[in-house]
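Before any comments, here is the structure.
The chains carry the letters A, B and C, assigned in the order they are written, with residues numbered from 1 in each.
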Amino acid sequence: MPQFLKDFFNRNGFGMGLAILGLVLFWTIGLIILPQLSMLDFSFRPNLPPPEIGGPKDVYTLENYKYLIYGPEGGSQDYNAVDLRVFFRTLLAAVCVTIFNLILCYPIAYYLGQSKGSHIRIFAIMLIIPYWINEILRAFALRIIFGETGVLNTLFVGLGIWDTPFDFIRNDIALYAGLGYAYILLMIFPMYNVIESLDGNQIEAARDLGAPWWRIHWRVVIPYAKPGISSGCTMVFMLSAGALAAPQILGGPSSLWFTQLIYQQFNDNNDWPQGAAYAIVLLVTCILFVLAMMRLFKVNMGDIGK
Amino acid sequence: MNNSFLRISIWVYLVIFFLYLLGPLVIMSVTAFNSSAFPRMTPWECLTFQWFGELFQDQRILNGIKNSLIIGAGTVVLSVAMGLAGALMLTQIWPKLRATYYTIIIAPILIPGVVLGISTLVFWDRINRMLGLGADSVLSNGIFLTVIGQSTFIASYCMLVLVARLQRYDVALTEAALDLGATHAQAFRKILLPFMRPAIASAAVLAFLASFENYNTTTFTFGEYPTLTIELAQKVRYGITPSISALAFIIVALTVFFALLNEAKLKRQELVAAARKQATVEELAGKIKLPSFFAGNMAAVLLVVFAVATITVVGTATAYNPGQCIANVKEQKRLEAEQRIQELRKQREEQRKKREAEEAEQGGDQQSAPKPSNNSGFGNVFAPNTLGGDTEEESSGPETPPSNNGGFGGAFDPNSLQTDQ
Amino acid sequence: MSAGVGVDLENLWIRFGDFVAVRDANVNINGGDFFSFLGPSGCGKTTILRAVSGFLDPSEGKVLIGGNDMRGIGPNKRPTALIFQNLALFPLMKVWENITFSMEIKGASASQRRKRADELLDMIALPGQGDKLPSELSGGQRQRVAIARALCAEPDVLLLDEPLSALDLKLRQHMRTELREIQQRVGITFIYITHDQGEALTMSDNIAVMRAGVIDQIADGKTIYNDPNTAFAASFVGENNVFRGKIKQVMGNEAMIATNRSGDLVARISTANQGKLKEGDDAMMFVRPEAFTIAPDGTAGDHFVTARVTHEEFEGNVFNIFTECEGGKEIKVSLPNLGQSFEDHTGQNITLEYETRNAVLVPAGELAAE
């Protein structure tokens, strides 16, 4: 037995050590690593009825990935324009949602992190409560508001600002508002954690030296809060790109989200390998994008999740 | 930059922010009490509690709640256990493996839920086949798959909560217990576990809530056991009714209640701890005087206000009968509808006359009939006319909302969607 | 009262990877002794304690408690109780629950535990404080609770890991006496870890002086102080003035060394090194500050040193004179305050005299860091 395992069992006792090790291995290998590998493997296989799985037809193929780029074989178009457009639109929209959330949440995170008093705790509760409400219900609430006879339209038409109701849903405004709404807390929390630990004296000192407020933020607060900002942005980006509920409920009839395509492959077309391939494409692209951004802004992986 | 200007803009910003955050929930809650068949705030028709009654008779919702509770319990147990084991491992893993290990156990938070659902489904399906088990085995059971799939990432959340507290744990405490004769299991149960209890409680609540509201992963794994969230999503996607608002209201109320309760309890603990510090030996021995539950405890006061409000609402609900109001509104709607029909008929009549006159003039070479009152051009597809058939006949029915002033909005009108179901 | 259970370390080696924390330790601790390991931080004394209590397996050699080899026996099965440096009181348990934790493990009833806790609280002079939480006690009170908790387990050997280091000076001195009293009352073996030579000297029957994993000397306090084996022991325990030189001549148990700056000096060879030091060896002579007296001007010889006074200070019980030999070597002299009058010597040359038996000669070696 290697020394570190021996130390581990010495420290935790044999029974407890075995329980800890067992649970950790089950989680990391059984739930995280193997299923992802299994999905990867699956995405390279043809869609076969169950009896033929493992049979002679079950060979590795790139067909599922080709489909995303070139569309069905013998299709009328050179490229799978529909799916590709959805894919890039999803990524772009996720980036927009992330930026929107960052701008919206930075001031509140700064305010909560740097001011003192009992009202901060009340604010914190008010922040957390919406997060405890079901994702579907939050989307539903926005649909009531953005609906054609919803509160906003009634208000604006009633005030005479618009003479006809505006279609928030078809124009995807409801969707973006819903996605932003869903992940506000995930953006605020990491930023708040970091900003809270920033010594207020640094800001005082900068102010004392005559720096205007925007320069204080640009030169002092934002560089300090970078781990929190990147952590929040990463989470919001990944979750928006992978969101399913909000696009299903708030998305306009003509605009699809990439996850909806995956959902369709699984539930409507019953083509699991194709769905797995799409999922892999989504996962890998998102990871690569986040890593590239982290490289660009010089952030470490260890900062995420803190 | 003027200081008071900054201050005012901060407050304006805060108000807007919290309006964005809480407004939708408030509006949604309010629609639960409007008798309008479509969840809306305006126009306000009658105060009603009928949607709550409908909710409690909805077998699918009740079944969904049951499944959600079972799956939630399973997920809490599994993910707190894995999260705790993961956190313990993180504090003592071989330093060279630490970064890799951390990346692996934090990754599920960032992996899209859809991907987790798919990979869980695919992996266990394969295991099931490898073991030669049938389609009805435990491994392909919806509850099992959902618990497994959700725990994959919920355990990461639990781990983060638990490791924060574990870092403040002094390993010497466990060693002291061992030294005093405890076994490792006893030291774990009597020393580490009580120390971790607050964090375990938070992690369990977090895990349950995350499981209860999860959609992305569950939608691939639920099989024969749809959770409440799945049922809600089905309902919301294929036609919305205020009974969903009623459910939302209950969930919002429960959440607020427990948040206040927790806050009040925390505040009380602080006060008690402060009192203990000052207490003399005699007071501790027998008659420690606790400060009254409310003293200096805002949250407790709010909690009581909240409870009183709830009792009032429930009391009103049992006594209140909106029948008369609803009848009035129906009557009014009927009148309005009739009036509209009259108007429409008149309009048609006029148009017909005009057309006849024009045809008479131009000899019928132009057939363009002006569209009747459809203000926005692009909405046609979803207008009630196209979906529901004859508008005039339908709008004369008593259930129709009184004003459908834009063409496309009808897409979210229960009437128009009935054809889809 | 029992005679107590002894502890023996036989050829004990403890390694962490390539690092040797303890090198070939051989110690016999008599039952009922108050035994201290004394050394600077990082010298391996805590490692030895953890090996005795069972948290560490020795890489080589044996730990024997009461003559029984402890290999493979976990900390919870050993007849030892450890008092941790930070005390490690269970923060969520009340004082009485803390004290009787070992009984809870054995399944004793609450009333039994309560009764025992009250007895022990009386013993540590904290009657009626059982219902408090550890965080509600003062530092000294917590200290005593930790001792009571360890004693409640009825160990044969009590291990203490610098338990007084967190206390302030006054309390520390008070607890020294108290610890010693408790040890004599319960009559079990105490093994005490400290870097504070004052604690070790006042409380211990025997002391092991440790340096970088090696035990330099094991003896009672007086011997360690007066007759150190090594340069390290001489310089670590108490204040000492060191004179380096080469041995010129060995005369029985005494020897003369040639120093660069103070001429030839005579000293007694420390007991362990008698017969080992030879002419031509590098050696170090140690003379305690209080062993010097001021000799009349003009006297000289092989137990006289001349030096210039740089400054003086009055400490109450002693009067310290700091002097400098030619070339910068400093010598500290402490004269006991017996009510005599002190002249101010600052700037003058004075002649210092010592008795040969008060100067100890050891082989040249590593000195303790200041």
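Going forward, a residue touches a chain if its C-beta (ideal position, glycine included) is under 8 Å from a C-beta of that chain, and two chains touch if they have at least 3 such contacts.
Keep in mind that this is a model prediction, so the values were computed, not measured.
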item	value
Identity of the chain that, by mean CA position, is farthest from subunit A	C
Central chain (distance from its CA mean to the mean of all protein CA atoms)	A
Whole-Å separation of chain centres (CA-atom averages), subunit B against subunit C	66
Whole-Å gap separating subunit A and subunit B, where each centre is the average of the chain's CA atoms	18
Approximate Å spacing (C-alpha centroids) for the pair subunit A, subunit C	61
Overlap residues in subunit B, where contacts from two or more other chains coincide	183
In the complex, subunit B residues that touch subunit A	1, 6, 10, 13-14, 17-18, 20-25, 27-28, 31, 38-42, 81-82, 85-86, 88-89, 92, 94, 99, 101-116, 118-124, 126, 129, 148, 151-152, 155-156, 160, 183-185, 188, 209, 212-216, 219-220, 228-229, 232-233, 236-237, 240, 244-245, 247-248, 251-252, 255-256, 259-260, 263, 298, 375-376, 378-379, 382, 401, 403-406, 408-412
Subunit B partner contacts - residues on subunit A that touch it in the complex	4, 8, 11-17, 19-24, 26-28, 31-36, 38-39, 42, 50, 53-54, 104, 107-108, 111, 118, 121-122, 125-130, 132-145, 147-151, 153-154, 157, 164-165, 167, 170, 181, 184, 212-213, 234-235, 238-239, 241-245, 248-249, 253, 259, 262-263, 266, 272, 275-276, 279, 282-283, 286-287, 290, 301-302, 304-305
Touching residues (chain side subunit C, partner subunit B) in the complex	53-55, 74-77, 80-82, 84-86, 88, 90-92, 101-102, 104-106, 128-129, 131-133, 136, 149-150, 153
Residue numbers on subunit B that touch subunit C, as the complex places them	170, 172-173, 175-183, 186, 190-191, 194-195, 276-277, 281, 284-285
